[in-house]
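Here's the structure we're looking at; comments come further down.
Chain IDs A, B and C follow the sequence of writing; residue 1 opens each chain.
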Amino acid sequence: MPTFVNINPFVELSNTVPTIALQGFLIAMAALTIGGVLLDIKHKKNVKYFFDNAKKAKEKAKTNVPTGKKAGIIVKTVAHDVLISGEFCGWKRQVAHLLGMYGTIIFWGASAVLVFKYATPTSVTPVIITNLWHLGMAMTCLGAYWFWFFLRVDVAAEGHKWYRVVFTDLFVLSLVITSTFGLLWSFFQAAGSAWSNLFLVLFVISNIVLFGGVYWSKFAHMFYKPGAAIQKHLAEADGSRDSLPEPADAPEQFGLGIKREAPRHY
Amino acid sequence: MSTFVYMTRCDGCGHCVDICPSDIMHIDPKIRRAVNIEPNFCWECYSCVKACPQNAIDARGYADFAPMGHKVRVLREEEKGTISWRITFRNGTEKNFVSPITTKPWGKHIHKVADAEEPDQAAHESQLLFNEPDYLKIGDNREAELINEDGLPSRAKDTFKQGVYY
Amino acid sequence: MADHKTVYEDCDILIVGGGMAGTGATFESRYWGRDMNIVCVEKANIDRSGAVAQGLYAINCYMGTRWNENQPEDHVRYARNDLMGMVREDLALDMARHVDSCVHMFEEWGLPLMKNKEGRYQREGKWQIMIHGESYKPIVAEAAKKSASKIYNRVMITHLLKDESKDNRCGGAVGFNMRTGDFHVFRAKATIICAGGASHIFKPRAVGEGMGRTWYAPWSNGSCYALPICSRCKNDSNGKQNCFM
């Protein structure tokens, strides 16, 4: 195991940058996120659409779902669709998303702990937190680069080259670049190299792009998607189902779920 | 009218892009969700609607004949071998249809022609396809003059219906 | 600016088009050409390509010779009558006398055919039999997938190649990958053109929101005519469907 994953880079950083500035930066990023999401909601009217949808489903409902059952559905949705990203229709997409999702959560969580508790020149950081911080970034890089080079629908189905960047790539690209620069900063700073300053600056900039771009990027999907999934499953339970037909009750007569090979990407 | 995508349900998997026979389902570069880029060339074949794993695609019938406020939605379940349609009218009337799409497990009963007996030179020169004459099933037919020298069904010339046809 | 490559494929039998005709040709070719390299090239995806992409609830021309319902000559007379004499009778006869065995084979593959009380196929008129054909194309495409050596999806063939060593002979075809833009060159000993017919040649009579809508698939844009014409075939293509709308 390379030693840089055991060293908390914020400790050395706090020699030159006051701790309060580091903490202020994190708070600023959080504020940018909240502000961006609120602006997004106001602009896209998606919360209004969400409640309108709920109203439509209620009008078309065939049965009344008791509260206890509703709670059960919500728990199941959280467990299946949210926690294990079960909505994805292919295992590769699911695994890549899980790596990226949990990697980012661990990375951000560990960042908060490091910056708010162990970012002074004399801090003694528990190794596990530092390891988790690096692990989070590594997982994010693994999942996001896999997605970027191979799984992204523009590359996989549309045949575009991996280096074609469009507006919608803002979130994934800024997220993976942030994680990459974070790892590089930590590596070079532990090695005592002057390159660490460059990567620190790039790390800061990519964080600002990531959190500042919330209004324009797909960042906020992490807040909207669980709500949409819950709504979908509640609609299935009450019979409205977005006007979709019920699954056929014909028994699996053609070979107990023989799944054909899906039509390939080109 | 052409197909359209519900953004909240679409997750950008690209199955519709893969299947569209008209090559008009593509991914929007601003939001990475599916979009029908050329409604004029949509034949409403419903291939994308059936292929979408999230049921995120829908189509509206032409205003010339489809009643206003209607909804036609489909669920194709390949493992069960069924296709289900639900047609909803604006007054709440609902019509449900379920049809089979296959009677056998997919691909299991396709003849392994490469393993069949090799055709000889006479077979190559004859007019019969690989599964003929057995699959014509005219063994059920007692009337021998209905089979010509090629082994294929035919009608005797003197039994042709009389009259002038262009 | 993007790096397009040229992809070569040498095959024994090249089938241009992966619709009902192309997939059928692929399957049949495998029986006659045992270990040959049989390649089927389709501009869309073979699972849902061609005019039967959406499925079909009837087979429009079934003789029923096994029950003495019709004979191939009856069909030729019907087609000649319908098209005011503008038919190739020999091709119509050939198609009609083979169609029954194909339908019986599809039934064995899993295509659901509707039956009437006597156990015969349910007819709707003299020539049509009714089927549950939503997956008519996927079922036939399965057969092609199992028979072809390789299937190229999303490759559009634009030109046929002339064989330089043999006179008056097609040597294959070239085309473009619809996704990557790569140039594909197929060199084949025999080429079967099963591409689509041509819709939108005349403006359809549909009005209102359905204006411009054709009965035939809009993605059948004339390849099966264009390919031989552009390669200066003297003897024009055989067996093309001809409909008046």
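We take it that contacts are C-beta pairs under 8 Å (C-beta built on N, C-alpha and C of every residue); 3 or more make two chains touch, one makes a residue touch a chain.
The shown structure was predicted, so the numbers you read here are calculated from the model rather than taken from an experiment.
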I'd like the most central chain, judged by C-alpha centroids against the all-protein C-alpha centroid. B
Of A-C and A-B, the pair with more C-beta contacts is A-B
Taking the mean of the CA coordinates per chain, how far is chain B from chain C in Å? 13
Chain A to chain C, mean C-alpha position gap in Å, rounds to 46
Separation of the C-alpha centres, chain A versus chain B, in whole Å, is 40
What parts of chain C, by residue number, touch at least two of the other chains? 45, 47-48, 110, 138, 142, 145, 154, 178
Can you list the residues of chain B that touch 2 or more other chains? 18-19, 51, 100, 102-107
Which residues belonging to chain A are in contact with no fewer than two other chains? 157-158, 254, 260, 263-264, 266
In the complex, the residues of chain A that touch chain C are 157-159, 161, 254, 260-261, 263-264, 266
For chain B, which residues are in contact with chain A within the complex? 8-9, 11-15, 17-19, 26-32, 51, 53-55, 71, 73-75, 77-82, 84-86, 88, 96, 98, 100, 102-108
Which bits of chain A are touching chain B when the two form their complex? 46, 49, 87-90, 93, 153-154, 156-158, 166-169, 218, 224, 228, 232, 242-248, 250-255, 257-260, 262-266
For the complex, which residues does chain C have touching chain A? 2-3, 45-48, 110, 138, 142, 145, 153-154, 177-181
Sites on chain B touched by chain C in the complex: 1, 18-23, 40-41, 43-47, 51, 62-64, 76, 83, 99-107, 109-114, 116, 118-119, 124, 127, 129-133, 135-138, 140-141, 143, 146, 152-155, 160-161, 165-166
